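Shared chain: chain A. Partners: chain B in the first complex, chain C in the second.
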Partner chain A sequence: MRESVVMKIHYGTALGAVALVAIHILFRMTQNFADSLEFESVIANYEFLPYALLLEVILVLISIHGFNGLRVILLELRQGRTYEKAVTYGCIAAMAAVIIYGSRTILIAGMGIV
Partner chain B sequence: MEKQTNREGIKGWLNPTRYGIERFAYWLMRLTGLGLLAYFVAHIIETSTIVDGKDAWDKMLELTQTTEGHIILALVIGMSVFHTVNGIRVMLGQGGIGVGKPGRPDYPYNKPASLNNKHKLCIYASIGLAALAMLYGLQVMFGV
Partner chain C sequence: MAAIAPQTLEEKPVAVESQSKSITLRISKFNPKTESNRNFVDFTIPYKKWTTVLDAILVVKENFDHSVGVRYSCRQSSCGSCGMKINGKPALACYTKISELNSNTITVEPMDNFPIIRDLVVSFERMFSAHKKLKPYIISEDSEITKDTKEFLQTPEDVEKYLQFSNCIKCGLCNSACPTMATDSSFIGPQALAQAYRYVADNRDKGKNDRLKIIDDSHGIWRCHFAGSCSKVCPKGVDPAMAIQLLRGYLLGFRK
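The block that comes next holds the complex of A and B.
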């Protein structure tokens, strides 16, 4: 993929994440901060489908943005064919691992299997 | 051709003193990005304890709902605000907004139009907003 396309994805995911994380934070402020973190309250959040979908989208957007940012930083520090490939594939693997692990939590808590 | 060595390495990347506030914003952007990525991964692991039931969740909350936990969260708030506001500045700058018209570099080689006060002001504003957001976050978390 061309680096210009990757950067457009980087900026797109950033703008999307900012808007959705704002909603995520506002959800915590609908009640007292400590109360919003109570087990029942958090489970209720996960079981509310639109909110669970919002969390999933945030997870994907931030994972893509974060690990691409890490890739850019690592490529600025050092260059080389093997190194660049290792960094790119390493970041993609880490991104996939975080998305899978986070999705597992959203799915299990959202389906009420807790 | 003689191989050029990277003499300063990461120290050169982290040195904010040589190129002014733009350079400072450059490395602060990267530093906050790394900090936020670390927090994001930790947050995913932390919230995953909910699938182990109420006891595991309460135990995890006990660890995070401490003075140290609140201070770390306040730092995360500050990092998020700086990274967001400065990121929007960078995006606008790369889109050609606020960087001035390009021109031929003639003698006496004044500063390029891109290094103007608009962007510098945005950097200072992003640092100021980050500090304000951190204070607000501390106020909410400590319930002062």
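The block that comes next holds the complex of A and C.
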């Protein structure tokens, strides 16, 4: 993939994440802070499908943006063919792992398994 | 780093005009082939209002230590040879007046982000090869030098688009000031990127896509974090940071 495509995704995910996190914060402001962290309240959020989808999208956007940012930092830190390949694939694997683990949490909580 | 005892003009029987003002010139001395550490040697040098840092270094070479390694040629900020770190900032020694520095001690060191050849002289190999990679010439099938071909006419507006960027003298000060150059040994650098824009913006040139492809790399244009230090130190007002943003416009689809 060309670096310009990667960077378009990087900027796009940043803009998307800022917008969605703002909505997430607005939702949180409908209650006082301590109440919003109550177990029942958190579970209720996950069980409300549109909100669970919002959290899932935030998770995906932030993971893509964050791990690409990490890849860029690591590429600037050291150079070398093998190192750069390891960094790129390592970041993709870590990103996938975080998305899978986060999605699992959202799914479990959303289906009321906890 | 060690400092060697200062030498003054009074200690040596040399014919230099007596001056009312003088400064301490600290010169970094280092030969990577034979030494492992950099030394600073101090010299007391008289100066006038118009004395440049290069003039002062040449006084040292003439009177105290002819072995000081320094590269220079035009002495009028045209050839780009005399770039060095002067009191911590990259600048042309022939374009920096001692009187403007407002300091009694002037420290001269080789530019950062370049391998040192000796003392104040650095190797430009990486910068020149990046510059060459970007095809720094007009790419076009047409020619104005063959028979029956016409001149490439450009309007003042056409020229305006790239003129500023064509003033680059390849001094390397921008690369030396660039924070990405310090850590990313494969980064193409602000000098070459500014030159890529110079040709991309020229309406006689047809090599835009080739050049955009070259800079659209994992160590290309996207590694610029827009610190802006390249533009701040450029002695010719080239503004590589702006050239980089304008080039990004093409890659992001804002410019055609």
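To be clear about the criterion, the second predicted complex is superposed on the first by the 114 of 114 C-alpha atoms of A that agree within 3 Å, B and C clash if a C-alpha of one lies under 4 Å from a C-alpha of the other, contacts with A are read in each partner's own complex, and residues count from 1 in each chain.
Methods note: a residue touches a chain if its C-beta (ideal position, glycine included) is under 8 Å from a C-beta of that chain, and two chains touch if they have at least 3 such contacts.
Keep in mind that this is a model prediction, so the values were computed, not measured.
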(message) After the superposition on A, what does A:V42 contact: first (chain B), second (chain C), both or neither?
(response) first
(message) Going by the contact rule set out at the top, does A:G102 touch chain B (first), chain C (second), both, or neither?
(response) first
(message) Can you tell me whether chain B or chain C touches more residues on chain A?
(response) B
(message) Tell me the contact category for A:G69 with respect to chain B and chain C: first, second, both or neither.
(response) first
(request) Give one of first, second, both or neither to describe whether A:L77 is in contact with chain B, with chain C, with both, or with none. (result) both
(request) Please work out whether A:S4 is in contact with chain B alone, chain C alone, both, or neither, and reply first, second, both or neither. (result) second
(request) Under the contact definition given at the top, report the residues of chain A touching chain B in one complex and chain C in the other. (result) 76-77
(request) Note which residues of chain A are touching chain B in the complex, please. (result) 11, 14, 18, 21, 29, 33-34, 37, 39, 42-43, 46, 59, 62-63, 66-67, 69-70, 73, 76-77, 98, 101-102, 104-105, 108-109, 113-114
(message) Could you list, by residue number, the parts of chain B that touch chain A in their complex?
(response) 10, 13, 30, 33-34, 36-37, 40-41, 44-45, 47-48, 50-51, 53-54, 57-58, 61, 65, 80, 84, 87, 91, 140-141, 143
(request) Would you pull the chain A residues touching chain C in the complex into a rising list? (result) 2-4, 6-8, 72, 75-77, 79, 84
(request) Would you tell me which residues of chain C are touching chain A in their complex? (result) 180, 183-187, 216-220, 222-223, 251-252
